[in-house]
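First the structure, then my questions, so here it is.
The letters A, B, C, D, E, F, G and H name the chains in turn, as written, and every chain counts its residues from 1.
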Amino acid sequence: MHHFARLDRERVRRVGVPEVILGEGKRVDHLLSIVRALSERKLGALLSRPTPAQVRALRAWHPEPGRPGLRFLADDRIVRVPGPLGTRYRHGVAAILTAGTSDVPLAEESRAVLRCLGIRVVRAYDVGVAGLHRLLTALHRVEAQRPEVYLVFAGREGALPTVVAGLVMAPVVGVPTSVGYGRGGRGEAALNAMLQSCAPLAVVNIDAAVPAALFAAQRFAERAPAGARRVLRRGP
Amino acid sequence: MHHFARLDRERVRRVGVPEVILGEGKRVDHLLSIVRALSERKLGALLSRPTPAQVRALRAWHPEPGRPGLRFLADDRIVRVPGPLGTRYRHGVAAILTAGTSDVPLAEESRAVLRCLGIRVVRAYDVGVAGLHRLLTALHRVEAQRPEVYLVFAGREGALPTVVAGLVMAPVVGVPTSVGYGRGGRGEAALNAMLQSCAPLAVVNIDAAVPAALFAAQRFAERAPAGARRVLRRGP
Amino acid sequence: MHHFARLDRERVRRVGVPEVILGEGKRVDHLLSIVRALSERKLGALLSRPTPAQVRALRAWHPEPGRPGLRFLADDRIVRVPGPLGTRYRHGVAAILTAGTSDVPLAEESRAVLRCLGIRVVRAYDVGVAGLHRLLTALHRVEAQRPEVYLVFAGREGALPTVVAGLVMAPVVGVPTSVGYGRGGRGEAALNAMLQSCAPLAVVNIDAAVPAALFAAQRFAERAPAGARRVLRRGP
Amino acid sequence: MHHFARLDRERVRRVGVPEVILGEGKRVDHLLSIVRALSERKLGALLSRPTPAQVRALRAWHPEPGRPGLRFLADDRIVRVPGPLGTRYRHGVAAILTAGTSDVPLAEESRAVLRCLGIRVVRAYDVGVAGLHRLLTALHRVEAQRPEVYLVFAGREGALPTVVAGLVMAPVVGVPTSVGYGRGGRGEAALNAMLQSCAPLAVVNIDAAVPAALFAAQRFAERAPAGARRVLRRGP
Amino acid sequence: MHHFARLDRERVRRVGVPEVILGEGKRVDHLLSIVRALSERKLGALLSRPTPAQVRALRAWHPEPGRPGLRFLADDRIVRVPGPLGTRYRHGVAAILTAGTSDVPLAEESRAVLRCLGIRVVRAYDVGVAGLHRLLTALHRVEAQRPEVYLVFAGREGALPTVVAGLVMAPVVGVPTSVGYGRGGRGEAALNAMLQSCAPLAVVNIDAAVPAALFAAQRFAERAPAGARRVLRRGP
Amino acid sequence: MHHFARLDRERVRRVGVPEVILGEGKRVDHLLSIVRALSERKLGALLSRPTPAQVRALRAWHPEPGRPGLRFLADDRIVRVPGPLGTRYRHGVAAILTAGTSDVPLAEESRAVLRCLGIRVVRAYDVGVAGLHRLLTALHRVEAQRPEVYLVFAGREGALPTVVAGLVMAPVVGVPTSVGYGRGGRGEAALNAMLQSCAPLAVVNIDAAVPAALFAAQRFAERAPAGARRVLRRGP
Amino acid sequence: MHHFARLDRERVRRVGVPEVILGEGKRVDHLLSIVRALSERKLGALLSRPTPAQVRALRAWHPEPGRPGLRFLADDRIVRVPGPLGTRYRHGVAAILTAGTSDVPLAEESRAVLRCLGIRVVRAYDVGVAGLHRLLTALHRVEAQRPEVYLVFAGREGALPTVVAGLVMAPVVGVPTSVGYGRGGRGEAALNAMLQSCAPLAVVNIDAAVPAALFAAQRFAERAPAGARRVLRRGP
Amino acid sequence: MHHFARLDRERVRRVGVPEVILGEGKRVDHLLSIVRALSERKLGALLSRPTPAQVRALRAWHPEPGRPGLRFLADDRIVRVPGPLGTRYRHGVAAILTAGTSDVPLAEESRAVLRCLGIRVVRAYDVGVAGLHRLLTALHRVEAQRPEVYLVFAGREGALPTVVAGLVMAPVVGVPTSVGYGRGGRGEAALNAMLQSCAPLAVVNIDAAVPAALFAAQRFAERAPAGARRVLRRGP
């Protein structure tokens, strides 16, 4: 597209989920160029974690007349560039839990991505292990929807994913969040606790709400008839 | 069972995979007591990573006449206590890849667990990213089996799971291995690289071959009619 | 006593608990000299974690005729030098819980110290959070004894002390254990998780079973009429 | 209460101390909603460490006429939402010491919590070990009040709790503070030094003034007749 | 030059590359004094990473009439003080690759230095390993220029230098960039992955674009007839 | 003095150097109270590293008429409260060296302290090991003054103190500075390199310019006739 | 070759240096199978760091009659499997320096690899910076051979590569060694110091003598007429 | 001397203390060659920390007839090769203190070095801060000898050097020891605590008993008439 960016439009056909363009770390003009190019080619996309300066620039930008504008989701942490994402998913439900209130903005990021892909989400927030009763009540309500995958967000001591993975049959992905201070703060204790868990549990990085959502989405992806194999046959 | 151990036979009904008893860290007599109690009750189980002293004791132990003996798999890293595990899985294939030859013993641990559960495994070993050609040839062969989940083992720089997760549609779980020396050795660099990956990738802890296998197995587990929900309804 | 060791016999009067002599790190002959000197003066003491070489030497040593011999407790991790410890405690119960079987040897170290001091202990082992049901059953049994303090041992993800501290009224002290491998292993994840806990929880160092026992014992210590204050008045 | 927060009003009955709502990390509107809901239900609460933006919002907020307003304590680090906290404590004294002047704001946080709960506090500030004389003079004055528990705050080398725990009979809780620069700064050296202490000493996380206060308060909590046990009997 | 700075004008004769003056960490007036002194003596130089305040001061500064002004390159990250640098290089091509768009500003820093020294650069940006196809296409184009050295920039999992070093014959220098968040973020995972690489790969520090450029430039430096040896003969 | 601060005026008699009051981390009003109290009692003192807000407050403050005002040294990093410090030193010279220009502000901090105490300082700045020639020339000039102690400041790779300690007979104290970026930046590499040095070298913490100056000053302190011993005799 | 190993014989054509098979971490029978297969195909190879058990097995193994046996170099740290390596290098000299005597075994590993490839090596050992005089004398002798690349080994404070890179024109690769104890020991301080160096310096991992040798060897590799490009053209 | 070792006999004239040859990490035959060469030239030397294998070889070695044999000190941790060391010191006393019994072997290492150099040592062992009374009694006795420098050894929380440096006028050097387990163990907490100390305190690395002794010895070294300056004048 430009000398500084090459979008990978084939990725969704190979791996079943679209590339999500990370805002953080990119220059504002670089990001705008990417969005403009996508819009001109009538291609949809997802942006994540734009910086405040990027959000201002994106809100000030408008597509050519007749084209739909950007949609800002999850308190501006996810931006939907309208147009096809190239994905198709079967029906199914994903569950999102958080241990505390401070984890909610990250959980909403995952939820926005999953909903942009058309996947239904059931959520239960602020259900950490220091109050087992509220956790079990909430989990009972969530299980009634028969979710096929759980994303469980927790900062601080990060115990919630372990407890949930000891109670439900669907795979649980732990998402440590950068909540907490002092030794083990900023998500370090939570990440390590999840890695040490005795329960069957896979994890993503601290605050990695978008990769977690994409990993969960793959479960619902419908394999294109000859998709990934063809890519491999002709060489990458 | 004893004052020092309480087996969780309900776990398999709640979460779809059996508890695996870790040998490391347990006293030899504690481990033998557990095996004896299981055998007396005609319950099956899996043990992982017995120490050399534990292996000697287990090999010297024999069940009561007429009962089948222990099976030692994956170079004695997995031990099968005969008897029902309480699990049932639908058909399906899991793929196991390793970046190097030194990762093979860990990969074989995962493979032994999956095979004990009746899940078919396709494997490709020593296919690291420093030789892309051999990786792509191997991946082409593996994809032909249409695996539904990948376990990708890599030590040192840990790049293989990222590359694979950029090429296939099934979910990829990275398993960092304690291979490598110096700064970032013992699996630290590999784990962190997988956590930083741009591809949709979930990880388990360094050398966590058994948890990875259980996480993969959950994908094939058949949900018991009223399983986890009942557990939750009556309280844990 | 010797140029290499000065026992602090006043400590028990100042702080309510006796000094415990750590075996690890001391030369065998230094440790024997200390024991011999104590025995000659008819003073009791506790030794912790003698090395195998120290245990051999201590078992080979015998006091002068008519004096009782050493007692070896908790699989030789605690040694009681007979004679008065200078402490007096009111009645009461302490509870000791462990998350797994591998934590038991450390828990038994704490229990041996508390029992040497005459404090009653109720215990529940292998009741980790991956199986909530067995935890709650065990906790119900323990609470029936109305313990005034809890020592909760956990390695790996270290979640048990947090869950317990959210359920009981007595103060909970978390003891991380060096159980677990890979990132966060050797007790690091457990320690940090306990430090991050939202529940009211104090912690001691990894594997610090003896300091935890002493901290718990202080709760039962009877303050000598003019004890610590006198020490302070005349200057330390 | 809301989809993003579930207050645990039962906690005080189970564990003897009320939940304290942490400001940091919460969105301003989330925090205000919680306060509003509490006030409407005439429930008291404690907030800790509101951010400057949260403080501004809280100061601008007023309860319905006739209801008492918020009280701001310890330089706005603790906020008291008026109304019952559901706690009752017997008489007794807690001691709070700091090694330096920079530790004072944190110590005042603990003191505000304890005083909100009705517990008397005796304090001695800036009494670090580099000047033993002033420490011993101050400790003599403090001991005269016969405190039943000590909270000892220290940053930098964190030696004060060890020295105090070698001189007094009441249990000592070390609170490392994020004071100090360079290697071991931000409380790391202090925390580790306290964990390594030879004296009977329990610790909380760096700057964890509120958890330390709650742990100390438990000592004075009066057990409700059937409290925690009932919770456990009916399941959490 | 001043009591606070001593420029090493001999360095270029000894080691083949000029000293580059780092802006960060220097006081604005110190930096201006250095530039003024250089200009008065008609000596050229390179400055790197001036802070915003330094850039403002440098832009406001003007040399004496008739002398050329400063040149600002790579978005003000490199500043060229006009005048001779004392270097001479043979013809040749260096290649610069980046894994992502966020690495581009650092790569442009290296490119500006190399171009100031008169070395030709071929570049390929945003060609990370998650999309092998675009990497191989770009590498094919780059190899056609027969570069004699590669600088490969990558943050996050840092896999690109390993893959490139497995495909090309010219030496590859990995430059980890401070891109990425959570565990292993800020370039830590990338640096360690490069250090662990199985391919022949040398690395520089995180974000060390200027040292990497100088290391690459040495390859093209023409050895002065008696240069370094004379320095050694007379003693440094 | 106040409930939040207790000055240790005896310290200088015990240890030969005055207490230096650290500004950082103290509340502005606390710091001003201390200064006011000192001034009223006609006691001198040194403050270090006041924050910008503290500097503004200190500059706005004026002593009672007839008393000399505060003196601001080393770019406001050291503030001299006029009045006796209680110290007396014999003649002698201390040397201060820095590896780079960015280390100069810290070196000037040490120099200001030493000069306030009346100790003569010879300095050589920006003489790092990458240019041995300028180092040796400078060292020759410094040695001509026969310094009795060296303070050697270095960030980044921290090699200068090792090289100097291999060339001179006076004791060398290494002062690592928080200069440098990436892995080992902020002084970490420099501190560790100094700790690993083969040369006889003692170190202080990163950026610890004031403690280094006090440690050096002790060498010149004249022992009061009965000083420290008397303190010890009557107890601390 | 086997299911556990796939040798990359094309690598030398692509990257100019042969694969070196690391012994550490491989099972003895796996390693022997690889050697046997190479010998049967009359292919040469290099093995590095065989464990003592591997060395015993390799010494006991003998090729078929008429084939030359294995050669053990550098105290058995490098093993040469006879036969063509597929490499060709132009004339030239590489220099190898060490800071201490303890670095010599690692330096000899690099030297053995370079000599197996036919590259001439000049060496100077135990010339660390604490004795500048012996360093400069040795460097003078080494420079007389006009080396085109330097490998400089140093543990502890790791300053030697920086000093050398400030004196010579050829590129310098620093090799940190796991020499040293305490904080920054096992090569950590040395690695970080080299990464922080102001001089143009690239580094490899701690103890990475073989990768360093291969990186140096690439400088002398003669590019095959259509080598790497062809590999890229047909896809990897 | 050999290609693997170059002794620096000039060092003692430049820096006032002799080089001490570290045993650890050297091959046995290398170390013996060095000792043999020294003995043949009738030069004295100190060896530190020989490994058990080195001790055996050294004890089996005998000098030529008529020459005195090696002396083994401090439990074989220091070995004296007889012959002149080239040093001369004025009279004076150094003090050595340890916090615990486990620190004694390291303290004895320092004492052996100082005594080989002819410096008188006064010692007080096992006087840690958990028992202030025994510390003050011991310190009173030590101060009576008027030591000019203190070496204070402490592991675990490392508080002793801080307390001593707040009580005495002579410079205090803290020596952290690798005593302690869990978080902050192996001397890490002690080192960091000493670096954070508010008292004037310089430190050496963990277990660095020999460098500490040499640093202390410099205080007593008599400057050769034209020593270091001449070295610098003629270039190193």
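Note that a residue touches a chain if its C-beta (ideal position, glycine included) is under 8 Å from a C-beta of that chain, and two chains touch if they have at least 3 such contacts.
Just so it is clear, the structure is predicted and the values come from calculations on it, not from any experiment.
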Checklist entry - Which listed pair, E-G, A-C or E-F, reproduces D-F with over half its contact pairs identical? => result E-F
Next on the checklist: For the interfaces F-H and A-E, which has the higher count of C-beta pairs in contact?
Outcome noted: F-H
Checklist entry - Can you give the whole-Å distance between the Cα centres of subunit D and subunit H? => result 46
Checklist entry - Where the CA atoms of subunit C average out and where those of subunit D average out, how many Å apart are those spots? => result 27
Checklist entry - Per the centroid of Cα atoms for each chain, what is the distance between subunit A and subunit H, given in Å? => result 58
Item to check | Whole-Å separation of chain centres (CA-atom averages), subunit B against subunit C | outcome: 36
Checklist entry - Multi-chain contacts in subunit A: which residues touch at least two other chains? => result 11, 130-132, 136, 165-167, 182-185, 188, 191, 195-197, 199, 205, 208, 231, 235-236
Next on the checklist: For a test of understanding, state which residues of subunit F touch subunit H in their complex under the given definition.
Outcome noted: 11, 14-17, 136, 139-140, 143-144, 165-171, 173, 191, 195-197, 199-205, 208, 211-212, 214-215, 217-219, 221, 223-224, 227-229, 231-233, 235-236
Checklist entry - Within the complex, which stretch of subunit E touches subunit B? => result 100, 128-132, 155-159, 162-163, 165-167, 180, 182-185, 188-199
Next on the checklist: Under the definition above, what is the set of subunit A residues touching subunit E in their complex?
Outcome noted: 3-6, 8, 10-11, 22, 24-27, 30, 176, 178, 187-188, 191, 205-208, 231, 235-236
Item to check | Touch list for subunit C against partner subunit B, complex | outcome: 101-102, 104-105, 123, 125-127, 130-134, 136, 138, 179, 181-185
